[in-house]
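Just passing along the structure, written as structure tokens.
Letters A, B, C and D name the chains as they come in the text, with residue numbers starting at 1 for each one.
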């Protein structure tokens, strides 16, 4: 078949004595010069971060590395119980659950903010914008992304910390302000604690950093991969998967155990 | 069922206003204080790195983030072509290939070195040890891990760089020396270029840093997850998966196209 | 923590001499009595199929087992190149691409039909329904699921075969008729070949069999897992992954090879 | 780059009106003619099964479809809790645990038998062979694959059933006999119940059917993919993942909750 389209990737190349990664010389510019988090920024933005960007972006990543025992780390541990020879498979199993429910809210928050305020330089009434968003979600009975937490009340301590770093590094503009106004309005209208949670803070700061909402899930994926390695290592030293399985199996099948129906002939 | 074994994880906990991660206060000690790479060290070592460890460990990670178009990044891109809605699944697909062939050599190198030199403080003749290892692998017709590269000859520039950082940070002890002596001996005995490649350098330095060989694959997994996010993003802007698929399909099925055998009755 | 909710699964249980699977005695009712495809029906419907259902359901599955070299089988082969020790990981990598683009169209077709005709017994004008659907999709600029194929024109031979089996087994009711009318209308209005493709035929027949649209992706997943095992086995005997990788890498990086920018200081 | 190696796959091809799958016409020979299990045989053996092979092979598959709540189905359910939009990812997560611990024993049993008896036609003393194998494993302190079960004692009912089908279909030769003699000898020498379990029976019968031991894991992968779809569907109707997660988290973090160490400065 005649090639229809030229294949092209601008990510990396190598010769016998040089390796280029996104325009940088791997050995001269990156190894020993930048951190893993900076490489994450490079993969998303196509350039290395400046000092402020590096500090802010690593803070976002560090926030997401570890949530302890959650569904995705249990998937990792269950996989380790069956395939201890494949650490990469256990980590992959854990990543697969980073879908719409837990990690998706970061991109939803970023998208909500970006859709409302495509140009952060524009002079708009943020309060009116926030009120409009809350009303719109409420009348559509949609959940506002990035707000509320089952445990962290009345404020999420990660949000407080992230916004403080955002002030220091200069990523404290209209998107962060808009997110705060949405939270305030939502608490008033819905009459309950709806603090900005970590995913809401990260979504807002990602907008400040000009990270497209489509890339936000990648921040969570990078960070959680780091944490999932730790769960594989702990599970191999101090296992829980087999015990959780056996307790669960015992209780879950107790209702049906011993019950059979006669098979009807086809 | 009566629980047989207490469930226990020491990785993380949270209360309404505090989050603990491996003994540190997430908001006070980690966010804004440490980088993603340091979190990786924390997950593996159970404590934060000191300055030298942080520099060395991030250098190992940065080396592995990006290899451009390789089988695992193609698996990621092929998955994106079918499920663009699930970035995490594309990254997971790419991680699944980090098995015995490409990433396994780091742990094999670390294991070879650690088995030969369980106690790095011991006073041993490293040259004799190296010669013994080369002879043993040779007579068993096993491939020496961490040596040789199809492109990077006569030296792997990443190894040069990593060993230079190892000298600066003090991770330049017996394991690095042993790896160099193995390479020297192997080149002499096998009469061809067998420079220490990046996986060999990383395996040796991991031993210097007291990282168990069982955890070495985790360094690759953490790093490549970061790089795979970049491949998803590039594929979404500048796709190649469909073109690679169609060219491959066309050529691969050309031998059998149109050929049928009559099915025999059962 | 006090359990908040009882755990319950009605899928399987075992005692020292008996095993129950969805109400059947595994050894007496299932092994040696039913086929793998019938087990698939049992997992979806919660009961064994009758003769007609077994024939029809296995026909749907058999249609989807094998598509040759496609993105998902390439993901499987790329994974095998790196982790040949983990057949399950290679198959899993291939399944991950069965998302919205290729397999999703079956559930989209089923959902479109079921939404339009919630009760197949109802006496409705199917032609008017079909025309309404086509107009609605057209004015919303949405692609009609289950129609058209890049190669199989003017008809998809799988559809012809599946509809012929549907007639024989009695699954040839309102949903199949509605799908045909949608295709006819779409071809007329959009003025091009829009035959019902295999995913459209399967979606319509699944509705006839009372399989919820949410379960349709499962038919594809079951079938493709069987086919992906074959690709792992062929790749291990007759590899193509390394060659595809190297050709792709060479061409894709040719534009950027050797190009570096000077890194700006932070 | 000049192609170095021709790409070739003999699995499938299509033209505008025909589709070939492993030499058969998909629409004429396969759809409506064979079952999903027969397609599995075709993928492994490269030809359709005869009547006896079809019966025996489907029996092997049906045995492995469903094990209820086990680590791999819990990985599937945990993934569904986070990414309910991706059924294929939940199934993939479950497959990833089909590694050395649970599914690997089938291939280990087959390999042990095939290594001991490469040519089943050969006239050998099976009893002496069995005794030799047991002695060898015992002196190497290796676990004999395919023997023993925590629940199914003194016999595994699946083995009884599978061997009865093997007699009827003619797959009851030297490998099955050898497996039985190994079990007998092991029980005598090790002085405990060591019945042939389902994986041992399947390994022996796979040898009888001339299925290479390298393909045995594929039988488990095909079968469990079918069962995992059922777990996704049950989890979506009758969830347990969130409850299991919360109970586990609560208990597992109780030891460390509230404990912090002061971070030492770098």
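Heads up, the rule we're going with is that a contact is a pair of C-beta atoms (placed from the backbone, for glycine too) under 8 Å apart; a residue touches a chain by one contact, two chains touch by 3 or more.
Values in this document were obtained by computation on a predicted structure and should not be read as measured data.
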item: Greatest separation from subunit A - chain, by CA centre; value: D
item: Numbering shared by both copies at the subunit D-subunit C contact, with half separating same from different; value: same
item: Which of A-B and A-D has more C-beta pairs touching across its chains; value: A-B
item: Distance from the mean Cα position of subunit D to that of subunit B, given in whole angstrom; value: 29
item: Centre-to-centre distance between subunit B and subunit A (centres being mean Cα positions), rounded to whole Å; value: 23
item: Inter-centroid spacing, subunit D versus subunit A (mean Cα positions, whole Å); value: 35
item: Residues of subunit A engaged with two or more neighbouring chains; value: 7-10, 12-13, 15, 18, 68-69, 83, 85-86, 88-89, 92-93, 96-99, 103, 240, 244, 248, 251-253
item: Contact graph of the chains (line, ring, star, complete, other); value: complete
item: Of all residues in subunit D, those that touch subunit C in their complex; value: 1, 3-5, 7-19, 21-22, 26-28, 30-32, 34-40, 42-44, 55, 58-59, 61-63, 65-69, 86-89, 91-93, 95-99, 103, 151-153, 155, 157-158, 160-162, 164-165, 214-215, 217-218, 221-223, 225-227, 229-234, 236, 238, 240, 243-244, 246-247, 250-251
item: Complex interface listing, subunit B residues touching subunit C; value: 68-72, 74-75, 78-86, 89-90, 92-93, 96-103, 240-242, 244-245, 248-249, 252-253
item: Interface residues, subunit D side, partner subunit B - complex; value: 6-10, 12-13, 15, 18, 20, 23-25, 29, 33, 48-51, 54, 83, 85-86, 88-89, 92, 96, 248, 251-253, 255-261, 263-264, 266
